[in-house]
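Shared chain: chain A. Partners: chain B in the first complex, chain C in the second.
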Partner chain A sequence: MRMICLALLAFAEAIALRQAAEASPVQHVLVQMPLLVLAGVLISWDIRGRRVWAVPLLLTALTAFLFWMLPRSVDWALTPAGETAKYLSLPLLLGVPLRLSWPWLAPVLRGFLKANALSMLGVLGFLYTHAPLRICNSYLVSAQQDLGFAFLHLAVVLACIWAVPVLFGHPRWLPSGSAGCSKCGA
Partner chain B sequence: MSTVSENYVPGHAAAAPQAGAVKLTMVLSGAVFALMMAFGLLMRAAQGQWIDLDPALFYQLLTAHGAGMVGTAALSGAAIMWYFCGRHLVLSGGIFWAFLGLFLLGVVLILGAIFIGGYGGAWTFLFPLPALSGGAWEAGAAAAFMLGYTAIGVGFLLYYLELGRRIHARYGSLVRALGWNLILGREDNDPPPPAIVAAAAVTIFNSIGIILGAAVLVASLVHLLVPGFEVDALLAKNLIYFFGHVFINASIYMAVTAVYEILPEYTGKPWKSNRLFAIAWNAVLIFVMAVYWHHLLQDVVMPPWMLVVGQLVSYFSGIPLIAVTAFSTFLYVRGSRMTWDLASSLLVLSVAGWSVGSVPASIDGMISVNKVMHNTMWVPGHFHTYLLLGEVAMAFGFMAWLVRGKTISQMDGLDRAAFVTYLAGAVGFVTVFLFSGAASIPRRWAVHYEEWLSHDRIGTLFGGLVVLGTLVFVLRFAARLGRREG
Partner chain C sequence: MAARFLPSVLAAVAGGGILWLATDGAQAFTSEAARRLDVVQSPRQVPKVLLEDMMSRPVPLLPQAGEVVLVEFIYTVCGDICQIAAADFAEIRDRLQAQGVKARLLSVSFDPERDTPEQMAIYGDAHEADGIMWTIARPEKTALPELLGLFDVIVIPDEWGGYQHNAAIHVITGDGRFSAVYDTDAVEDVLAHLSAVQP
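Now for the complex of A and B:
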């Protein structure tokens, strides 16, 4: 129940950010969209996925992720149709499947996805900070550069979050097993 | 004749999981080393105008030689470290096969890109050269080359993830595996053995290298396929050299585990981690990532402090480790009556070659020298030293040890001849490169001036000796593998 309330809260927060998302791509891509994914993750928090679903669910999540990574999708998300699609697909096709498949993924695969996420953030940062053209038509070039730097900062933060437990051991105050947190498998 | 010394109890020496996969990898590595050396010989002979090589083909060979050698050095190093970490950790064989499969896929893509697509932009794929071939190759060829790198990178990433995960599971944290308890003087009743310290350090810095390398690879790919997308050239150069420097160094840092684990069988004294050893490896871990700036000493737009750091750190990085390793090897060898067979001779040689090769490397890392030496033959001179006489000697030593059997006996005539040929050839070959560098002969030129030809020709002769020695090592290994298994 608590998780469902949190999920609704995240969703409401995302909707409240509508104006901000139109104004700045950073708010849009790095605040609103992750909130929507988070809503999906939280709503399915207490559901246990079945093992046989893990691979199809993961593929669904990755497809949704790849789709929303494209700059033109970000543009499209500001039109009414795209906006509806965004509000539905990010929680349901990315957040939920990710949450349901994640505990079943092999540790090396999880590590690979994380490492890949870092590389891709790097690529996005690379391209957005230096693109001579406007990639998203709805935003200014300067905002595009901000977004690029935001991607890079996010990559650094995530790298630290993921690396610290491996480097220094799992902090005692977190529930843990040797394969990471037993609850979420992160 | 002597058997493995009695006072040394090979702790888990019996456990050699996935030995088959490792042996297969070493056969492949040996064969590719030999083939790439033949390419190198062709280039050297062409520079000396003994044979006639179309410059386009020269650059294709240069690309294949660079990428192939770096890749094979890393492959053989990885196999060696996997083998010895298997003595201390439970590792999943599936990951190793996936790693090898992805590696071979990468090799196919790279060879196709070079010899079918005509790609000749060197192993460093420096932006924007791959996209600016002037008609020598299509964007597709450069893209295939980069996809090949990507496949290899993914394979290595899986390899390190598995290794890191198992080290973490066994030791609780990577810093413990790095010997921090030893450094801080804390008690540790299960201190990490040298191979694990090495594995922990390499896992950390090479994973970082691969993640950054993947970013610049994919960005370069996007640029190739959608030319509207530019990338920042200086940032790309930084990332490429970061990745390249870390990756090629990692190959030696992985292969050296063979020295730590094999030499004790000969000296009778186990090689244990101690405080100094741990400090040296932690220095490598921290500094190997900052030394790549020495590749950018000519880039005046770089912030000067970075270049100064690059110079200083060049000393702090490799040298403590080389010193600790070389010094310990010297002590171990001196204090024991060693039997010099092919394996022990090559391994001791490799430590010496690695140490000697670091000297010209550090010299070139000085900004004042680099102004003159940058892009001369001095550079191939120093890295061929620690590769031919370091990494490759470690790999060949490991191979000789794998097929040695239980008893250790002195080298027979053929082994001795091959060893001497290889040693003389390699020493001569790199010395010529260094002399050429001192004479300001540029590197990476397909066509040389009249005055340089004598350098090139002497180099070719020595290179031929190296190839001969290598052929004996590799064929001997393959024959003995067949004999023991068939």
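Now for the complex of A and C:
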């Protein structure tokens, strides 16, 4: 119940950011969209996925992720049809499948996905800070560069967060199975 | 055995298919590329619109008597890209004139409130647009959204009181259809396109 309330809160927060998303791609791509994914993750937090569905669900999540990473999807997300698609697909086709499949993924695969996320953020950061033209027609060049730097900062932060347990073991102050793996028996 | 892999294979195929469709077959990753591809594949009929030129005369947007119309969207106090684009537009005008191609060039203002005929005449003078083959014109304020929608031009105010917009050269062929988009500096491509549609 608590998780469902938190999911609704994240969803409401994302809708509250509608105006901000139109003005700034950082708010759109790195605040609103992650909140929508978070809403999906939280709403399915207590559901135990089945092992056989792990790979198809992961592929579904990856498809949704790649789709919303396309610059033209970001532009489209500011039109009425695209906005509806965004509010529905990010929680239901990215957040939920990710949450249901994650506990069943082998550590090597998780590491692979994380490493890919970091390198992708790095490439996007470079692209958005150095592109000589506007990648999204709906945003200013300066905003595009802000987004590029935000990608790079996020990559550094995530790298630190993910490297700590690998280098120094799982910190005691974090609840074990913070990704929910123990609960789902993986 | 097959049943174990089937859902994954289906998910992979569906995912790949969705991404293939969403990028027009891995051809268009940005909305600008998508608009250019769409216009070539399905040209759009341009409505009968009258613009007001720098001498306050009405000029039609649609091509007259088999000519080709090249349109670019501008605002006259634009500091950077419109100025460079105007120089390239002038070069296109000169070369079309030399080749004797029947064409008309229009720089259309998307800021009709600020860009009065006097203001447009200053811009025209600065770039040697004499109003014969190439003129500067503005639409009625009420007609502007439809016009920008037709050409998929997105104009957003910038931090310095100006605008940023997806600047390009838009080709309207003799049959009145908007059928190609080129970069503002793609002079050779535009000339090649025109000699192909109008031998």
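Everything below uses one rule, namely that the second predicted complex is superposed on the first by the 177 of 186 C-alpha atoms of A that agree within 3 Å, B and C clash if a C-alpha of one lies under 4 Å from a C-alpha of the other, contacts with A are read in each partner's own complex, and residues count from 1 in each chain.
Following the convention adopted for this analysis, a contact is a pair of C-beta atoms (placed from the backbone, for glycine too) under 8 Å apart; a residue touches a chain by one contact, two chains touch by 3 or more.
Computed from a prediction, not measured in an experiment: that's the story for all the values here.
Asks: Given the superposition on chain A, are chain B and chain C in a clash or a fit?
Replies: On the shared chain A, the partners fit.
Asks: Between chain B and chain C, whom does A:Phe112 touch in the aligned arrangement: first, second, both, or neither?
Replies: After superposition on chain A, A:Phe112 lies in contact with chain B alone.
Asks: Which of the two partners, first being chain B and second being chain C, lies in contact with A:Pro132: first, second, both, or neither?
Replies: In the superposition, A:Pro132 touches chain B alone.
Asks: Thinking of the overlay built on chain A, is A:Gly122 touched by chain B (first), by chain C (second), by both, or by neither?
Replies: Once the two structures are laid over each other on A, A:Gly122 reaches chain B alone.
Asks: Could you say whether A:Gly169 touches chain B, chain C, both of them, or neither, answering first, second, both or neither?
Replies: The first partner, chain B, only.
Asks: Name the contact category of A:Asp75: first (chain B only), second (chain C only), both, or neither.
Replies: Touch partner of A:Asp75: chain C, not chain B.
Asks: What angle, rounded to a multiple of 10°, is defined by the Cα centres of chain B, chain A and chain C, with the middle one as vertex?
Replies: 100
Asks: Minimum CA distance, chain B versus chain C, superposed model, integer angstrom?
Replies: Shortest inter-chain C-alpha distance (chain B to chain C): 9 Å.
Asks: Give me the intersection of chain A's contacts with chain B and its contacts with chain C, in residue numbers.
Replies: On chain A, no residue contacts both chain B in one structure and chain C in the other.
Asks: How about chain C: which of its residues touch chain A in the complex?
Replies: Touch residues, chain C against chain A: 4, 7-8, 10-12, 14-16, 18-19, 22-23, 28-34, 154, 156, 158-159, 164, 166.
Asks: Tell me, which parts of chain A touch chain C in their complex?
Replies: Its residues touching chain C are 52-53, 55-57, 59-60, 62-63, 66-67, 70-73, 75-76, 134-142.
Asks: Report the residues of chain A in contact with chain B in the complex, numbered from low to high.
Replies: 107-108, 111-112, 115-116, 118-120, 122-123, 126-127, 129-133, 159, 166-169, 178
Asks: Applying the document's contact rule, which stretches of chain B touch chain A when the two form their complex?
Replies: 92, 95, 154, 157-158, 161-162, 164-165, 168-169, 172-176, 204, 207, 210-212, 214-216, 218-219, 222, 228-232, 235
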